[in-house]
Structures are given as structure tokens and as C-alpha cells.
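Heads up, the next two complexes both have chain A, just with different partners, chain B and then chain C.
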Partner chain A sequence: MNRWPLLLVPSALLWLAGVLAPLGFVLRLSLSSSGNRAGEGRYDTLFYEPGTWSFASFVEIFTNPYYRGLFAFTAALAGVVTVLTLIFGYVLAYAIYRAPMPRKIVLILLIALPKFTNILVFVFGVKMIFGASGPGPVIAGEVLMLVPYAALTIAAALEAVPYPLIEAARGLGASAAMAFWRVTLPLSLPGVLAAAILTLLWSASAFLGPYLLGEPAQYTVAVEVDRQVHQDLDWALAAALNVVLLGVLSVAAYGLSVWRRRLA
Partner chain B sequence: MLEFIGVSKSFGAVTAVKNVSLRLEPGELMAILGPSGCGKTTLLRIAGGYDTPDSGTVRIGGRDLTRAAPEARQVGMVFQNYALFPHMTAAENVEFGLRMRRVPKPERARKAAEILSLAGLEGIGERKPAALSGGQQQRVALARALVIEPSLLLLDEPLANLDRNERLRMRGELRTLQRRLGIAAILVTHDQDDALALADRIAVMNAGVVEQVSTPGELQRNPASAFVAGFLGLAE
Partner chain C sequence: MIRVAYILLAVLLSPLVVTIAVSFTPSAFLEIPKNGVTLGWYREFFANPIWVRALVNSLGVAVLTAAISVAVAMATAVAMTRHRFRGQDAWEAALLLPLVLPAIAIAVGMLAIVRLTPLWGHPLSLALAHSVAAVPVAYLVLRATLSRLDPNLEAAARGLGAGPWQAFGLITLPLAMPAVFAAALFTLAISLNEITLTLFLATRDIETLPRVIWPNLRFALTPLVASASVILLILTLPALAAAGWWLGPRRR
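Right, the complex of A and B next:
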């Protein structure tokens, strides 16, 4: 009798405690009435009204142009970051794929290197190079953070493309560029889509990059959630923002993974 | 048709092919026979332009193509594990070479259908390689190599991955097809039965060196060395 499911117990417990329970709490919270934010001496209803049911926060998100703008900006940022990350990531992955053996390892190590940098040092560096304001440093920062993950994901997919396929294409009259376009690229597409899912989820829920590198005009949904929690103290609205973001991202990620499965 | 003149190729310390000279006549099917690692694939890859020899000359149809890229030679190759494009249907695999030559779509489809039926593959054109049997994959690989009307056909262990029945059937079909198209071919194998049954002449290789080139009958009557006799399983 194979007892492999037992091995899932630790991570399942962690997942229940760390993901599912907070998620349930957030979901419930998003359906509560906002609290009496000014205080009025009652601290039990300061952030939200426990025990109430209300769609008010969702109505607010879907009707107030401010929030529509916020989601539009977040989506645009995530889109630009994802496309740039995939382009840079693919080029880097291709270099890893074609590098001979000892150099391949060196490249992979070099790619992991920025991950050892302290985030504040990293942010300082990005601001020095890409400027201190505007969407430029936000995009650059996100792309720099994500390229290593995309590159390694795509490189794994490229490594799985058997070299004789490329030779076969050449033998049938394809130039190197044509063999890449017709054989290597389509066969690495599942890896590109996996990287796209990763990048999209990450950049759409980005908090630190926009928070540290941007200014109010570049704030994302995640930054707004933090602002609602800590400044405006409207937890019901913050939770509802979270739920909407989660819903949009789930649909996007599901669409991409269906596409990916159709390719594979 | 194809001529190797003093061809050598080393990989680091390993000499895979050592001073090989061979001449393939038009329409001839030559088998290259030898044990694993003796340099058969390397020799074939040099003919196809996938490897460049360290020294020596390769002539195809009288032209010196020693250093020409694979796409610059009109040579069809069937790889050891077929190397079919997994993301394309059988028909798309076959059409690939024509597409690279910018053959218009209707003609492409007509030629592909023609060669597929010649290879006994009617009705499977829309399937992907993963949905084909080993024998069918083999035929698709053959059809893909033949559709570009190559002047030379290179086959690397084409029968190695087939079960016994398929193997015997493919042997016959391969020979018939090659004769019918009148195309010169080199067939690499480590199986003496395949070589004896198929080839006009056999080149026996050992450790990078061609030990003997003869017709199957001559080879069995007069093995040139103890290695050749031993490899063919002949009592001396």
C-alpha cells in the first residue's frame, strides 16, 4: 500500500492555516458593512461591523470611477510588465539553452544573484538608473524582479526540445531563423505560457514595487488595499478589493492554463 | 553520387571516423554495418552536413559540399529516432520541406498526399506523431525525407525501433520504394540481417575505419578480416 498522501499532510495544514482560513475571513469581511470609521468611541466597530451582511463595498468598487481607474491601471501595468518580462526572459532563456555546459551553470547562478540583494538596495539601484518618478521605475523594478523566474521557467521548456528536431528542420531546408520560428518557438510555448501565468499573477498583485518605486499615480490595487487597511480603516472595502482582484486573476490564470493545456 | 575522400572526424580524444573513402553509385543502396559506437552515425551526419569533418572531402553529385550547411544540400535524412515534429500533424510534417521551399499550398498538399499514399499512410495525415505506431512514424519520417525529391537518402537505423513483423515488412517496402524512385541511399545499421537483405553493397565499419566494402555475397564468401567474419557470425 502506497501511503504517499500522508506526505501531503504538513503542506495541507500549512495551506489551511495560511491560505484558506485568511481567505475565508477576507471573503466574509468583504460582505460586511463598513465600520464607523471616525471612531465615535466604539472600538469594536471601528474597522467593519461584525455580523452584518452588505454588498455596499462591491457596489462602491463597480460604480466609483476611482476604483475602475485603479483596476485599469493595475491591469495595464501587469500587461506591460508581463510582455516585457516574457521578451527579456525568453532571450535570456535562449542564451542558457544554447550555452555549453559549464557556462550554463554560471549563467543560471548569475540569474539567481539579484535574489540575494536586499530589497531596499535593489529599489535604490532601480531609482538611480530608471529615475525616481513616473511609471518607468515601477515597470523596470517589476520586470527586473520577475525576469529570473520567467527565464528559468522558459529555459526548462527549451531544454526539453530535442536538438535532432532542429537538425531535421535544417535538413529539410529551414534556415536557422526559420527552424527557430517553426520548431523551437512553438515547442517552448507551454513554458512561455507557464511563465506568463506566473508573471501576470505576480505583477497584478504587486505591492512592494509600486509602493516603494511609485507615487500615488502609480499605485496598484494591492497598494490601495494597504491604504484602506492602515489609513482609511475601511476593512470591508479593502477585503472587497481583494476579492475582485482575486476573481479577475483567477479567470485570467484559468484562461492561460486552458490554452497551455491545449498546446501540450 | 556521393563520395567520401579521406574523411576523418574526432570528438576530443575520440576518433569517430578515420580516413574513410567511399563511393556511392547512382541508384545504389549501401549499408553501413558495424557495432555500436564505430562511427556509423557520424559518417551519415557528415554526408548530411550535420557534422563537418576535420579533414577530407565530401562530394555530392560531383560538387564539393564538405562544408555546406544541411539546408544547402538536397539530401533527405531519416534520423535514428525519426525526429518528427510533435506539434505538427503527419501531413504537416511531410509538407515541411515543401513549405521551406515556398511551394504553393495546393501543390504542397497534392505532393504530400501522393507521397503519404506511396508510403502506405492514407487516412492518417491529420494525426499527430504521438498518435501513430512506431511503424507509421517511421513511414512518416521516410515520406518527409522523400517529398523534397532528394538526390540522396540517408537512413540512420530505420528499422531498429520496430517489432519483428513490422521490421520485415518495412524492409521490403523500403527496398521497393528506393528502387522505384531510383534514389541513391545509405542505410546505417548494426544488424547484419538488415544489411544482407537490403543492400547492393555493404561497408563494414570498425572503430571509425571501413574494413571492407563488398556485395553481400562477396562479403560472406570472402571476409577481408577476422573482424568482418566475426561480426557476420561466419565460422572461419
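Right, the complex of A and C next:
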């Protein structure tokens, strides 16, 4: 009679095939030898040596200054984008928080609108406004792509802050800035950190923005992965880049989430 | 601060506004229309078999994705809201993992695996890959609604002799129908807008709209790309309406 666990089977299968297997395969691939890359443009060859074990890709990543520079640039870009996104996201979230009811929903929908449109529509518009390519368009594009998530995450945390608390601080003589600094901001900090984790993860693995809006100098680790898969045809190296990226991101996300839990 | 927020909102929406404006330009270049508007670029879109086929492929994959991910998410949400079991929180966290995982990492793994299977070059591979990304969202929507439904209604149906399927079909599903509808529209939008997995898995036989826009965006920007982008935008608008409904009447 107890057959309800069967309900979990479809999602478990999809998860095993669509999350665990690809990640496992990437890990295994990163420890393979690079295959015969002579078959460029052909789609019936494998671009790695199945069954081999090799650390060559990791050695390449950790010794070649090109890859060190690539990771440093990706981290710097993610840092700048995350800080800007959190500031702008907070301002928008505060507007949602203070808006009366019908306007609140309109505001949320307008902020979410870009996320319901194709990223390519968005990139097209960013090119028109901020310039075809270069560091400016890359940062603008990344920030605008991530601001809706940050704004809505922070707004959810702000909604839990009772407004009378802020009024009380004002009534006790705090200036508006003081009340914000001492009451509103600390109470919404867990939301800000949640948004920081998401923004950092997404901006550090950014692929489309830097690729479509950047010049080669603005390419990130993820762009290099795509280049290795589709042009240089070194899948072992592409997988190793992914493994290093995932490792760094997991540590960063874990650190931030520990900090967040300590606040809550 | 509020005034700054409205300026930011305007900046946030400006790329969309510009794209829509450019798609109506009578000029052959990327310009905001100055003297009058034209539907010429849309006519060109629908006259070109490459674009039309890509549109049809995109819609097909999106419908398949919505069907798969809503069904899978519904089964999971029913199990998660009606039963408690050990490790449930960890299970749920794992289920939601694709929301934060870098798409590029999944994409490389999927490409390497799918190329070894007969799914390579089949639209189903795209739909399944999109479902991996869409199931967590559909699950969150369905779980929120199912956990608010009164479990006594289903229990009463069972007490009156309905089997588990009958109780689900006659009681739970009709009550959760709006959420099913919203989840379907969200997953349609996710599929239509997904790029990274699509770029890695789609072959020449399954060109979808984002994949045809992609090279144009890098090398040959014309107003046709703007109109193609607007067509994608129109296709995902119902999902936005669903989001409005979702935030609207019931939730306070």
C-alpha cells in the first residue's frame, strides 16, 4: 500500500541523468588525456581519450600564466558586478518595500520583466545603449541581468522588517540615514547575503554577457570553456576549467552561507 | 532613494524598449525609427524558412519541456507535501541545486554524455536538458500551492471510497489547476529563453530560435535580429501574466 515513494522516482531519474551524471562526467573528463584534435570540424570523433588518466589539464591550468590571468580577471569581474548588483538591487528592493499594494505588484513585475525575456533580446538592447563591446558593456550587461534576482531576494527579506520599527527609531531621534544604517540594513542583511551568494555564483560563471558584449580581453573562464569545447576541441581542458571553477565557487558560496547563518 | 529606484528601473527596462523600437525601423541599420514605423522586418522574418523553422522548433521543444517538467515536478511536490521522510531537506536541496549550478559545467557534461547516446541531435535531448533547469521552478510553484490545500479534502475523498489516483484527479488536481497553469507557462518561458545548454546540445537538425539569433548577434546585427527577439519576447509574455496572477489576489 505504501507506494507513494514511487512519486519521487521521475525527479530522481532526471536529477541523476541531468545533474549528477554530467557533473561526474566532467570530473572524469578533467582527468583524461586530451584526445586527437586533428578532427576539427568533424562531429563523429571524441575530443578526449576515453579510459586514460592524466593530470595534464590541471597542470596546464595552474602553471600557464594565461589561465591564472583568466581566473583573476573572472574573479575581479564577479567582484565588481556583485557589489554593483547588490547596491542597485537594494535600492530597487527598498522601493518595492515602501510601495503601496497595487503598485508593489506592478513594480515587482516590471523588475522581473527582463527575466521573462530572452537574454539575447537584452544583450541586443545593451549593445545599442552601452556600446557594441568592451568592459563597459560587459559590466552593464551583467549587472542589469542580475539586478532583478538581487532586488527580489532582498525585497523578500525587507518585507519581513516591520516598518513601525523604523518609525520608532525615527521617533527616538534617529535621522533617516541613521535609522536605515542601524535598523533597516542590519535586519535585511541575511537577504543581502543570500542575494550576494546568488549574484557571485552567477557572475563568476557568466558566459553569455562576456562572450557577446566583451572583446577577448574580457573573456571569462566560462567563455574559455566554450572556446575549448567548440574551437580548440580540448574537452579534457574544458572539463578541468569547470572543475576548478566549481571548486572555487563552492568554497566561496559555503563561506558566505556560513556567515549568513551566523547572522540569522 | 525611491526616486533613484525609478531611474534604475528605467535603465533596467531600456534595453527592452530599444530592442522593440529598433524592430520597427524602416532603416536597414540599427536605428530608432525616426520617420514612421514598418513591419518589414517581421515580414522578412516570416518569409525566411530558416527563421520560421527555428521558431517552430523552439515552440516544440518548449511544449515538450513544459509537459515533462510539470509532470515530474507535480509528482515530486505531491510526495514532498503529503509525506515526511528522513533526509527530506537534503533531498529537496539537491532537487533545487540546478538553480545555482553554473550552466556551463552541466552543459559540457551533457554534451559529452548525449553525444554517446542516440539522443544526440534529437529534440528530446534539448527538452530533457531544459527540464533539468525547469523542474526546480515548477516544483517551487506547485509545492507552494499544494502545501496550502487542505489535506482533509483528499482524505475525505479517500474515506468516501476514491482510490489515490481518483482523489488526485477529482480533488487535488482541479484545486491546484491555476498553479499547474502557472508552472507550465514558467517552464515554457525557461525553455524559450535557455541559451547555454541549447548552444551545447543543439545540432544543425534542431536549430532553435536562440541558436539562429546567436551568430547574428555576434557578427551581423540587423533589425531582423531585433524583430526575432521581439517575437521571442511576445511568446514569453503569458508567463509574465501568470507571474502577476501568482503574486496577485490570494497572496495577501
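Operating definition for what follows: the second predicted complex is superposed on the first by the 242 of 264 C-alpha atoms of A that agree within 3 Å, B and C clash if a C-alpha of one lies under 4 Å from a C-alpha of the other, contacts with A are read in each partner's own complex, and residues count from 1 in each chain.
Convention: a contact is a pair of C-beta atoms (placed from the backbone, for glycine too) under 8 Å apart; a residue touches a chain by one contact, two chains touch by 3 or more.
Here the structure is a predicted model, which means the values were calculated and not measured.
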item: Chain B versus chain C as contact partner of A:F116, first or second or both or neither; value: second
item: Touching partner for A:P100 - first (chain B), second (chain C), both, neither; value: neither
item: First, second, both or neither for A:A21, with chain B first and chain C second; value: second
item: First (chain B), second (chain C), both or neither touched by A:P186; value: first
item: Partner chain(s) touched by A:E167 [first = chain B, second = chain C, both, neither]; value: first
item: First, second, both or neither for A:P216, with chain B first and chain C second; value: neither
item: First, second, both or neither for A:P65, with chain B first and chain C second; value: neither
item: Dominant toucher of chain A (residue count), chain B or chain C; value: C
item: Touched partner set for A:M178, first chain B, second chain C, both or neither; value: first
item: Chain C-facing residues of chain A, complex; value: 4-5, 7-11, 14-15, 17-19, 21-26, 29, 43, 46, 48, 88, 91-92, 94-95, 98, 105, 107-114, 116-129, 144, 147-148, 197-198, 201-202, 204-205, 207-208, 212, 222, 225-226, 229, 235, 238-239, 242, 245-246, 249, 253
item: Complex contacts: residues of chain B adjacent to chain A; value: 48-50, 69-71, 75-77, 79-81, 83-87, 96-97, 100-101, 144, 148
item: Chain A-touching residues of chain C, taken from the complex the two chains share; value: 1-2, 4-6, 8-9, 11-19, 22, 30, 71-73, 75-76, 78-79, 82-83, 85, 91, 94-95, 97-98, 100-113, 115, 128-129, 131-132, 135, 139, 189, 192-193, 195-196, 199-200, 203, 210, 213-214, 217-218, 221, 225-226, 229-230, 232-233, 236-237, 239-240, 243-244, 247-248
item: Residues of chain A that touch chain B when the two form their complex; value: 162, 164-165, 167-175, 178, 182-183, 186-187, 263
